[in-house]
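Some structures to go through are shown next.
Heads up, the next two complexes both have chain A, just with different partners, chain B and then chain C.
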Partner chain A sequence: MLLTGSDIQAIWLTIKLASTVTFLLLLIGTPVAWWLARSQTRLKGVVGAVVALPLVLPPSVLGFYLLLAMGPNGPVGHLTRILGVGALPFTFWGLVLASVFYSLPFMVQPLQNAFEAIGERPLEVAASLGASPLDAFFSVVVPLARPGFLTASILTFAHTVGEFGVVLMIGGNIPGVSRVASVQIYDHVEALEYGQAHRMAAVMLIFSFVVLLGLYARRPDSLKMTGRG
Partner chain B sequence: MKLLRILLVVCSLLGAATAHAEKITIAAAADLKFAMDEIVTGFKKSQPGNDVEVIYGSSGKFNTQIQQGAPYDLFFSADIAYPRELAKKGLAASDVKPYAVGRIVLWSNSMNAAKMTLVSLADPKIGHIAIANPKHAPYGKRAEEALKAAGLWDKVQPKLVFGENISHTAQFVQTGSAQVGIIALALAVNPELAKKGGYYLIPDKLHNPLEQGFVITRRAAGNVLAKKFADYMAAKPARAIMTKYGFVLPGEGR
Partner chain C sequence: MQLVMNIKKSFGSFALETDFTITGQKTGIFGTSGSGKSTLVSMLAGLVRPDSGEIVLDGECLFSSTERINMRPEQRRIAMVFQQHSLFPHLNVTHNLLYGFKRCRPEHRSIDFDVLVEVLKLGALLDRGVSNLSGGEQQRVALGRAILANPRLLLMDEPLSALDDSLRFQIIPYLKSVSEQFDIPYLFISHSLLEMRLMADQVLNVAGGRIVGISSAEELARQRLGSSQVGYINLLKLGRPSESGTMYAYPWGAAQLLLSAGSESDKSIAELSSKDIILFKQHPEAISARNLLQCTVRSLFSSGRKIGVEMECGGNTLISEVVQDAVNELGIAPGGTVFAAIKASAFRMLPG
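Let's turn to the complex of A and B:
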């Protein structure tokens, strides 16, 4: 047996987390990216900067604020208690919420670039043909921005898989709930179980390489994180 | 290019400024956080001009790191087995010296832990119980042993959350995310934590002793300051601080 049961559980949990986060960020990130691509207001700069924050913030800053905010005395903690879902730290959905923040720029920025690259013209044509804005978005923008959606989804998924610090700070290292692959590897190393650490690390390395190869081999210019197809 | 040259000059100046004073780096188990800070403050006063840096973390992590050549001059482990392992591998420059025996306690930020016992942990009102990771943190191992000895492991296991080390565990409880935790007595008696709730001392017959030991690492062989600090640990002021933080000292069994 190459991987132990708990290793496989950690990998499965990681896939589940990354898929959930990618799906939610598609829903949240698309309107944000659309607005950022179309807006001419000053607010655009502020929103763009907020979206990009996780790129530069240390995970410990994000983890610290999230732990306080989601704890029973924090604003998010109050809200979740009123809604009857209990406290979020140490739960799968707590990790999902944290990862949505953490991976936000990886969804929004490629999408924003893809939307900006489309320009006004196709939308004007759609409007002149009588399409409603929503109709135009789904039948014109989405097909044109397909490579952007693909790049954004892959980067978001991969970046969530690679998360470590935030998970360690708010996850509580619970098997099947918050012990993701990166944390599992860390535990193996700390316990001097280098054999198991090696096997899992190799799985992660190969996975990451294949994902990035798929991305870059398909479109060499995606190195620039643009969404132009 | 010019910027690079300026950076180089700044770096070499910084290097030259610190080259003469002696400096040691201590890797210490997280349960020593408050006690070691006080001890080091006292030691620095007796050694003006020299620099002592302490890094806190889980003993298992330091054991791994030192085996991979981490630049620590002394290693204070919460489990004497780790420094013994280092000594066996030829990575120590001194004998392994026992310096204290630790104790574990129940502690809560929101409930009066002084009125609790281990059985209270099975209460459905308690959602999360924080312990240190038994895989590489000695205090977590002892917490697991105590819960198993009390016949509670199966009942409380679904509620457990694992801190990276014992102060990370205390932090889970302090923020209220876990209602109760099993932490080091040495942390629970520190004023910051002691003003909340109180603690319940877990009987030490429920777990193996938390025998703690330290070594001077191989890289510090011949480092005078490291040797001085090792001696300082056995001196009166350091022992008084350790006792204040609830450690039982070698040769002073309770």
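Let's turn to the complex of A and C:
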């Protein structure tokens, strides 16, 4: 066996985390991106900057603040205690929450670009044909922004897979709960198990390359509101 | 259709202000780009909110600032046909056509899909993707989609301006026939006076954000004779031509015209500028122009520094332009006789 049981457990946990985060971010990021693409208010700049923060912030900074917020004295910690969920740090769902923040720009920005590229016209056409805004969103915007949804989902998934700093700060290193693939590699190196580290690292490398290849080798977007004149 | 539009709207330094009531099935909105005509129809469709005023269509209030009414665009039942690129690329022709139809309340559905497909000759296109259609086909599908939404009013915002000349004149009969056949009134927006004359019974003339006149398209064309670089364009309905030496003889009412261009069609329309008609008081002895028509002057009208001379000629109407000095010298007056000389090459056949 090339990979140990704990390696496979770490990979499985990573896939579970990345899938959960991608799903949640599709639900959260879509309305945020839609609002950012369509809003004309000054608040748009503030929200855009907040969404982009994880792109430039060291993961340890984000992890530190999230740890404080989720801790027993933090607002999120208070809330989870009232709801009877218990403390989130060092749990899988704590990790999910942190990853949602950390990967937010990877979902929102491609979606925002896709929505902006669609423009006003298809929505005006849909409205004049009797479609409500929600109807037009699902019957016109979602199909037209499909490449954007695909890109955003792939980037979010891949970015969550590649997390390390935030995971260590929030999740620690608990097998089956928070020990994801990147942490597992770190552990192997710490224990001087270079062979194991190599194999895990190779899996991550190949995965990342295949994901990016899938992203860059896709045919150019053919779903535009254009046609031969 | 009765439309009351009494609204104000400002964008920066541009202000649009209208106060008109129109009735009729075929109305044109004419103006140069930037005159405010597209904003006007966007407000009517509910895509742009007026600052104040009211819009009432067939007795129903669509917008009223005092009564705080602003009906949502999808509830107004006003369909739009845009200049271009308005088909949904993720849907094929059939699904594009049915988009509005499916969203139309059953009690409003009076237009039959198959009949419309027949009228617009879309049968061969139904399974095609829209990106493979020609510009003219795309506009026919867009028109069919708007009609199938069973609107009470159809807005056409420069629907022909992205098409080349030959396609444009092929589409015009479709635009008119679907409106007539399915009894849907329309507002047709264009900066082309020719399109106005072919499409509209009455025209709102928009300039600088104001309605500067409501008249028939014909009156508007006559008013603009003096200011237009091309003069007044006579539209001559001609019959099937026969060869006549190196030219073609076309029946034109009771008269006959010699043109240098031939045609295979039984019915065609030729453009002739008022500038290309020379008037003589008496029959000239010999001239190079191949058409010399004896006409009776019906009326004179002034436009700028020009005088338009409306003449009756073999049961047809012809408008020429002259300057005041010529009117005086030739003694042109209603009831008088003049001879109109027109070169065989002065006519331009409308394509299609």
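The rule we apply is simple: the second predicted complex is superposed on the first by the 218 of 229 C-alpha atoms of A that agree within 3 Å, B and C clash if a C-alpha of one lies under 4 Å from a C-alpha of the other, contacts with A are read in each partner's own complex, and residues count from 1 in each chain.
In this text, a residue touches a chain if its C-beta (ideal position, glycine included) is under 8 Å from a C-beta of that chain, and two chains touch if they have at least 3 such contacts.
Since the model is a prediction, treat every value here as computed from it, not as a measurement.
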item: Dominant toucher of chain A (residue count), chain B or chain C; value: C
item: Shared contact residues on chain A - chain B and chain C; value: none
item: Touching residues (chain side chain C, partner chain A) in the complex; value: 45-47, 72-74, 77-80, 82, 84-90, 99-100, 103-104, 130-131, 133-135, 138, 145-146, 149, 155, 162
item: Footprint of chain C on chain A - complex, ascending; value: 121-122, 124-132, 135, 139-140, 143-144, 146, 222-229
item: In the complex with chain B, residue positions of chain A that touch it; value: 67-68, 70-73, 86-87, 89-90, 168, 170, 172-174, 187, 189-192
item: Partner chain A, residues of chain B touching it in the complex; value: 58, 60-61, 63-64, 67, 110, 127-128, 130, 133, 135-136, 160-164, 172, 175-178
